Every structure is written in C-alpha cells, then in structure tokens.
Amino acid sequence: MKTLNDYIEKLNSLNFKEMYNDDFFLTWDKSDDSIEALFTVADALRYMRENNISTKVFESGLGISIFRDNSTRTRFSFASACNLLGLEVQDLDEGKSQIAHGETVRETANMISFMADVIGIRDDMYIGKGHTYMQEVSQSVQDGNKDGVLEQRPTLVNLQCDIDHPTQSMADMLHIIHEFGGVENLKGKKIAMSWAYSPSYGKPLSVPQGIVGLMTRFGMDVVLAHPEGYEIMSEVEEVARANAEKSGGSFTKTNDMAEAFKDADIVYPKSWAPFIAMEKRTDLYANNDFDGIKALEKELLKQNAEHKDWECTEELMKLTKDGKALYMHCLPADISGVSCKEGEVAATVFDRYRTPLYKEASYKPYIIAAMIFLAKFENPQAILLALEKEAKARKHE
Amino acid sequence: MKTLNDYIEKLNSLNFKEMYNDDFFLTWDKSDDSIEALFTVADALRYMRENNISTKVFESGLGISIFRDNSTRTRFSFASACNLLGLEVQDLDEGKSQIAHGETVRETANMISFMADVIGIRDDMYIGKGHTYMQEVSQSVQDGNKDGVLEQRPTLVNLQCDIDHPTQSMADMLHIIHEFGGVENLKGKKIAMSWAYSPSYGKPLSVPQGIVGLMTRFGMDVVLAHPEGYEIMSEVEEVARANAEKSGGSFTKTNDMAEAFKDADIVYPKSWAPFIAMEKRTDLYANNDFDGIKALEKELLKQNAEHKDWECTEELMKLTKDGKALYMHCLPADISGVSCKEGEVAATVFDRYRTPLYKEASYKPYIIAAMIFLAKFENPQAILLALEKEAKARKHE
Amino acid sequence: MKTLNDYIEKLNSLNFKEMYNDDFFLTWDKSDDSIEALFTVADALRYMRENNISTKVFESGLGISIFRDNSTRTRFSFASACNLLGLEVQDLDEGKSQIAHGETVRETANMISFMADVIGIRDDMYIGKGHTYMQEVSQSVQDGNKDGVLEQRPTLVNLQCDIDHPTQSMADMLHIIHEFGGVENLKGKKIAMSWAYSPSYGKPLSVPQGIVGLMTRFGMDVVLAHPEGYEIMSEVEEVARANAEKSGGSFTKTNDMAEAFKDADIVYPKSWAPFIAMEKRTDLYANNDFDGIKALEKELLKQNAEHKDWECTEELMKLTKDGKALYMHCLPADISGVSCKEGEVAATVFDRYRTPLYKEASYKPYIIAAMIFLAKFENPQAILLALEKEAKARKHE
C-alpha cells in the first residue's frame, strides 16, 4: 500500500465492530476481519510515523503497565505504543505499592485507573493464573466504569499470559506478511514451530501456543515439533486444529525436528517447558513446596539435556525450502557458543538472520498501538483521515 | 452545576488569592474561600474531562514525586493529576540517587527542580519529620527561584505528612459534598471519625488528624472516637475545636465506638497508632535502638489486640442514622475475614459500600490537580474559559 | 543577547554541520564552531523557556536513559532536557530487564530504540569500558537504522563515561562564560583544576579530564594540580596540551595546590582516583578478585588520607585573584564538618558560593537539550524561528 487511503479502504471492507470498547486477551477470540483490521491499522500507523505525521490521538491519559516478570522488549514496545498515541506510561511496580497490604485485585485495578485508557499486563509465570488475573482486572474496571467510579473503560492488552502471547504472535505474523509480500501469498506455505534445546528450564508456553493458535488461520501448513513429553496445552491444539480446517491449511505434530524443517518456508525453533511440568510447578508454588520446586527444576534440566540435538543448525536449515526458510525467534535466543555453550540455534544461523529478526521485533509497538486504537475508536478510518488532514509533524520540520 | 460557567461564577465570588504561587501543607492554613475554590476547580476539571475538553495547561514541565513510603493510590493520583495538566512525572527514587552520599535537602531540592512546576511529597513515617522536611524543600526552591537558579517556583503539594493528609481529607470531603447534594446540606450532620482494630501497628495519624482538622469547618458535629491511649496530636485537636466553634458545629471526643456511631450520618472507622507511641518510635529510630523498636512493636500489637471489639460491624452500622450512614475509608481497609482474620470492618459492610468507597478515592486526582492549578494561575477563571474556548479534545473524536 | 534573533545570527556565523545526525561522546571530537553553536542553542532554549515560548519540537518520541551508576542531577537533567523538547523518558533499568539472560548489546540497543530519538548513557565505573560501550550502542542503532529496523537514528548523548563528562564540562563552561560576561573575556584567565581530599575513594576521573580537555580551548591558563600518584589519563593530557597551544592559552601541571590557586580566576577543587588504580580495579573486577578489590580499596583510602591538606580552605581562597576566584564543583561536594569530617572544601567557602554552584548545575539540562537539538535538526535556526513564530505558551497564560 502506498497511501493512507489504501489502508482506510481496506478497513472499510472489514467488519471489526467487536474490537471497539473491548479487550485483547487471545487472538482466537477475534474474527478474521478483526485480525486483518489490526494488521491494517498497525501498518497505517507505521506508514504515518515514517511520513512524520503525528498519530497523537490522546492529549492526556495514562497507559498502565503491570509486569509480573522481567521484560525489556515488551516493556519498551508498550511504552512506545502508548507514546505514539499520546498516553503516558505509569508502571505499577508491585514492590513499591501497598498491594501486599491487603488490597484486592478489584480495588487495585480501580485505584490505578482513574485516568487510564489502557492497562497492559504481562503475567505468564503460572499455569491458570495470568489469563484469569487479566480477566479479573478487566471485569473490575468495567464495573468501575459502569458504577460511575471511572469515567472511561480502560482497555486491557495481554502482554503475555500463560495461554497466549498475542502481541508477539501478531507482530510475528505481520513480519511474515511483509516478508512474503502479502497475506494472500501464505496459502500452502509450511511453518515449523519447533521446540529447541536451552540450558534454562521453565520458559513460557505462550509463544508456541500463540504461534500455532494464530498461524493456522491463514491456510498455511503448520507443524508443531517437540520431543515427547513437551506437549503444549491441549485446548490450544484444539484451537489450531479447528483453525486449520476452516482456513484450508493443516495442523500436524511430530517428534522429529528434521521432519518439521523439511521444505519449510518458515522455521521458529524455540525452547519451552512441558505443560504438565508447568502445571506441577504452579501447584508446588501454591503449596510453598520449595524442596519440590528444586527437585522439579533438576528433573526438568535433566530432561532438557536429553534433547541437546534439538538445535537449529546449518544442517537443519539446509533441509528447508531452497535452504532459505525464514528463521524466526521472539528473542532473546539462546545462541550456541555465544549466550550459552549449547542452545537453541547455531551462531552462524542466528547471525545470518539478525536483521530480519530485529525487523520482526519492530512490529510489536505498532501491533500494541493498533490494539489500543481499535479498542478506543469506533470509526478508526475517520480518525486516521483526520490525522492526515491535520498533518501535524511528529518531529518539527 | 451544569456548565463550566457555573464553576467560573462560583470562583468569581470567592477570595482565594493566597493560593497563587504558594504551597499546600495543611488544610487549616487555608481560608474557607480557598477550600471552596479548590472543590470548585476540582469539580470543574472533572466536568471538563467528562466532556472531553483537554485541560492541558502545560506544554512541558515536570511534576516531581518523592515517596518515602510505599504507595499505590497516592502515587497514581499524583501521576494522573500531573498528566491531566500536561506535566510529566519524574520520580525521585532515593534508592537510585546519590542523596545518601552527602547531599543536603537544600541542594537536592534545587538539583531536581530546574524544570519542575510541582513537587509532591509523601513523608508520614516519623513524628516531627515529614512536615518539617516539606517546609525545608519548599524554602529551598523558593530561595533557588529568588536567586536565579530556578526559572519558576515549584509548588509543593503535601501528599501525606506526619500531621495532615490534605489530598485525602479534601477528596473525602468532596465525596461527602456530592453524596449529600451540596456543602449547604452538611450543617448539623454527624460524622464519626473512629479508631478501629487492625492486626498491624503504626498506621499513620495523618488521616484522623486530617479529617477532624477539615470536617469541623462545615458546621458538622464531628466526633473523634478511640480507646484510651490512642490520642492524636493535641495541636490538631485544638484546630478542630476552634474550627467547630467558628463554623457553628461541634467537636467532641469519646472512648465509646457505639456512642460515636449513634445517629451518625457518616462513619470513618480506621486504625491508627497512638501519637505518644509514634513519638517514642521516632526517638528509637533516631538512636538506632532496634531492640527498643522491636519491644515497642510487640507492646503496640498487644495494646491493639485489647481492642478487637472496635470493628465496624453490621450491629454498629444499625445504630447510625436510619442504619444507613455513609461508610468511608481511605483504603486499603483491613477487612475481617478477607484481608485479615479480625480487622477494621466486617466484610458485608465493606462490600455494601464498595462503589461509594471507590468514588471517594476517585476525587483525589482532581483535588491534586486543583491544588496545582490554583498555585500556578493567578486567574484560574480566565484559564478555564480559554480552555473551553479552545475546545481541544482530550481524546480525538 | 536580548532577542532570539541574536542567537540565530550567531548560529548563522558558525559551521556546525558535523553535529547533525551524529552523537556526542567527547568534547574534543567537536570543532570550536560546534562547541560555540552548542552554547548558543543552550542559551536560546533557556531564553525561550524564560519567555514562556514552548520548545516542544517532538509531538511524540522517546528519550532512553541507561544509568549504570546512581545519579540524581544527571538523571533529572536528562529528563528535563527530553521533556523540554517533547520526548518522554523511558529508563532502561537493567535490573528489571532480561539483559542478563543472554542479550547482546547490539540486540538490546535495537530492541529499546524503535521509537527512540535519543539515548543517554552514564557508564563511568570501569576504565576502558564506558566509552567503548557507548560506541557499541551507537554503532548498533546506526546499523539498525541503515538496515530498516529503526525508522530513525537515535542520537547518543554521553552522560558520563570513563574518559569525558561532556554535559558537565559544557555546563561548567557555559556558567563561566556567563559569570565572566562572554567567552571573549576568558583569554589569559587562570583556572585551577585541583585534586582535593575526600574520605571516599574511587571517584571518577571524567570530571577533571573533561575540564582540562575543554577549558584549554578558550585561551585560558589551565593548571592541573594533584598529589603525586593521582595522574589522569595521559591521552587527555595530550588533548589539553594540543588545545592550549592552538588556543593561545597554556596547560601546566603542579603537585602544589597553593601554586595552582595563586592568582587563579577560577578554582575547581575535587577528588578523584588515580588513573592507574582505576585500571587496576577494572582488572580485579574482570577477574572477580574480591580480595584484591578490598585490598586496593584499603590502600587507596590510606593513600588519600596522606593528602588531607588538599582542602579548599579560606586560606587557599585568599591566594586567588583578589581572594575572589569563582569556586566551582560538579556537586555533591564533600564539605568538611558537614557531609564528612574532613573533605574537599571548607564549609564557609562552600556556603559563600552556594548560589553560583546551583546556577552552574542549572545549565546542564539546556546543554543536553542543545546536544539533542543540534543532532536532530539540520537547520536549527529555522526551527528556532518557527517556534518563535508559533509562540505557543509553555505554560498557559
């Protein structure tokens, strides 16, 4: 697309009403049209920024972030998205707050939201917790808005939960769309979402789950590969299967990395923890069973170590389509001989794909901004048009 | 009031000149007209936000926050207020700063204030410290401004000190005004500021002190109730007594919670530490007497535990006016059976008042914004009028 | 200068093209014209702020800060500068990030910079590290920009490295220029950059190095005084020598504080660690030799203690020009009898110069803003003119 009008016309052809005044939890909650509208708005916002047109739709307002795990790229992506739209980020640092002193989720959610237009949450550590927590926060501020406590309904954006990582998978998909020259070129393409060895244990499942839950919607052949015992949530596999059927693609599973890589157009090798082990860990934490946690950790590291051959090597890459599959990763990767002795990917492979990997990541701020934009404006086309007409420079010129 | 003009006319009838270019330490420093002007500006700003009119009076400028104790709601209220007016919050995290390495208060105050329009401080831990510290900061930046170091005089807003908690008591009062349909309806109403049991010790005195120091100015019958030994600062009692006399209300004390609740229109049951014990603790900290602190803590918890019957139960609520007094709390509350085994309030009472409690809290950002607004603009009426005329949308439309 | 036009005409007479789209690492990388342009823009921005003219040249955009050491004044100066220009500060708190988990500098630099217009870094702890790190960050984001990952090239501003402290020395110099009524009055003036005793060890060398590396460019007689064994980097001494020769001033060294102070127009007494010891410490840290570090610390404190007579006393001040030399310090100072028992400066001397010291510090936000401004705008004169014409109020009026 070359002009803003192209994006607007695209939006005119889509039905994404459900997005307005709603949250973004899981990609499979949303219709195909909504997903396409999101990509379109993300591209439109990027187009405008590249052309130095301000997209500041808020004169004031807060974007609240709650990170229950360390984060660099998601933290900065959320901050960038808020800033792009005119919202100021205010981080709820639970260590500095009084939350431990007896505040309920419902109370805290309202207390921080008096001027919040969006709340971004990352809570991916414990199975069955993150998504539930986000829903509770959302319900609380919806009630607050209905009861006259909050003047606006803050939109919730899932910045990674125990089930899905929609800002990651959507950014990944937008990267694929651009690399392959359009969503219409993806039918029949093969993508391998593969487990890979890492010397650390307990990496979240939300990335592989997010990938198979989203990528199966575009008519691609999605292969999920992992050693036996590294199964993901069965509910998400169900989602992937249903998606594939509907989109005319396929969703298959294998315990053989080479098979997954064979003729693949795209490979996404990444470590994760077995779902069952993560469930166990969640229970151990719930019972403060620290000996149990230690034992589990040891066991998992040992289990991982049995699969050191699950590394994205040059040899494996040669099996892919013309030996040139698009290599993807959510970063940071465990690079063999660089960030660890043995890891997810060979250094030469990683190096060759560095620039596309960074580009992949660069879509995340725009995806988050598009999620906010569609949740806040009933007629985003009119807003985009108005912004273009105002033609306020992002940077003075 | 229905139009912005109503607020402006109200302001035209009041003399609040003292507010301009000054700080906000204690409510009883300010005239009745100034207090009323603050409520009026707070309501006007809320009216404008609700009508999507931007109140961004600063194109740039910083709002500095210094929190010497954990805080959620006050932190977010200050951030919201600054954001509403166009100031960016910059937190002085004393842990990350070089303050310990020999900087004086005078020096630090100036070094952080080159572009600060407001400084918000919470320092409520030690008797005789917080208020004094705030005065020192204020004097330092006033000198800095006079000496040509600072181009503007940063306004100091007391976000809670050892004596008063004006942003809390003012927000509470604005809530009462709205609940009772106007300040003119408060004469003769009975409000019970009552101690309540909490399993934690050492809760600040600034809330009860702030409440009796402010609520006595509106012709209400203010009752301060607590067990023997839980006296507040005698200076503040003096303020309350003088206020009541002037306003035609009353200020009485009792050691009987039921007596306080009897026929009360408003109840505010909340735990605090005895003033004398807090003085003692301050001395112990000054002497690094950690054994003494431990002993005091134990003693205070034991003393508290003798008064577990000071709980805001359904039975007590039935004694209030028509059994329907407005229940208030600064939050978070110690809710029996929820956040602790035995606490300040029964769960059913708290639950019934959840929405009004959240509304009560929702006034704080506007109160803080109004404090900044009146300190920064000599003719706030003209500014409000200009903002209405510009009619810039807070959120694009 | 009295009007904005005076500053613009000054800029018209200078060639500072090299500043556009570049970083600021070391003052001696930059031409005399560029240095003068920086002072001019800093003064122009201050003039505009004092006259309530908004200098917000960015509608959105981030200013990233990375502080690898505690900081108050530099942190707030950077935040003030960004805010003045319309950029929102986002701090990379390495403790909260995933950097330790295997991210490279190149990767992190790109991941935080998708919407970053400037990156400010303070990294002054280890010899041979800070400057190198900044160069690596800069190269990474330049590559990212070239490769299409970043839409803009973030400018790097050195907020203190192991070699230079340009925002400090430039602010110091702008203070001198204003105190002496213009840069043209500095020829032949004597400035003593002198070591002084401090009970702490390991203070960074970047201040004395920055001072002699910059002040020698204005025809002044620059004297570097320190006890034997407290030598600074020889490369910087070389820079100072070459500067002095070119500017018609002089650069001399002495081991006698009194000799340095004799007839000095300006004195800058400040503690620092011997370069050789800092090199040693860097190696010890590299080898995790904590016993070695402890031993070195002990040795350095003992060495310092042999030079307690290196204190800026009233007696020494009497030796200066008319006994009235301008006393300077980057703050916080070790004040004898105030922040320590024996320190860098007598309390009475410090007290007499408090206001000029605070003014000295007040130039730093403007210097940083000018560095950003000149890196971002090819024709800053046109931008300044446009801002004056728009005449948007910084604070509503």
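Going by the order they are written in, the chains are A, B and C; count residues from 1 in each one.
FYI, contacts are C-beta pairs under 8 Å (C-beta built on N, C-alpha and C of every residue); 3 or more make two chains touch, one makes a residue touch a chain.
These numbers were taken from a predicted model, which means no experiment stands behind them.
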| item | value |
| --- | --- |
| Overall pattern in which the protein chains touch one another (line/ring/star/complete/other) | complete |
| Fraction-based call for chain C against chain A, same above half, different below | different |
| Geometric centre distance via CA averages, chain C-chain A, whole Å | 41 |
| Multi-partner residues of chain A (at least 2 other chains) | 88 |
| Residues on chain B engaged by chain C in the complex (per definition of touch) | 57-62, 88, 90, 92, 96-99, 101-104, 106-108, 110-112, 114-115, 117, 144, 147-151, 376-377, 383, 386-387 |
| In the complex with chain C, residue positions of chain A that touch it | 46, 49-50, 54-56, 67, 70-73, 75-77, 79-80, 83-84, 86, 88-89, 200, 331-335, 338-340, 354-355, 358-359, 361-362, 364-365, 392-396 |
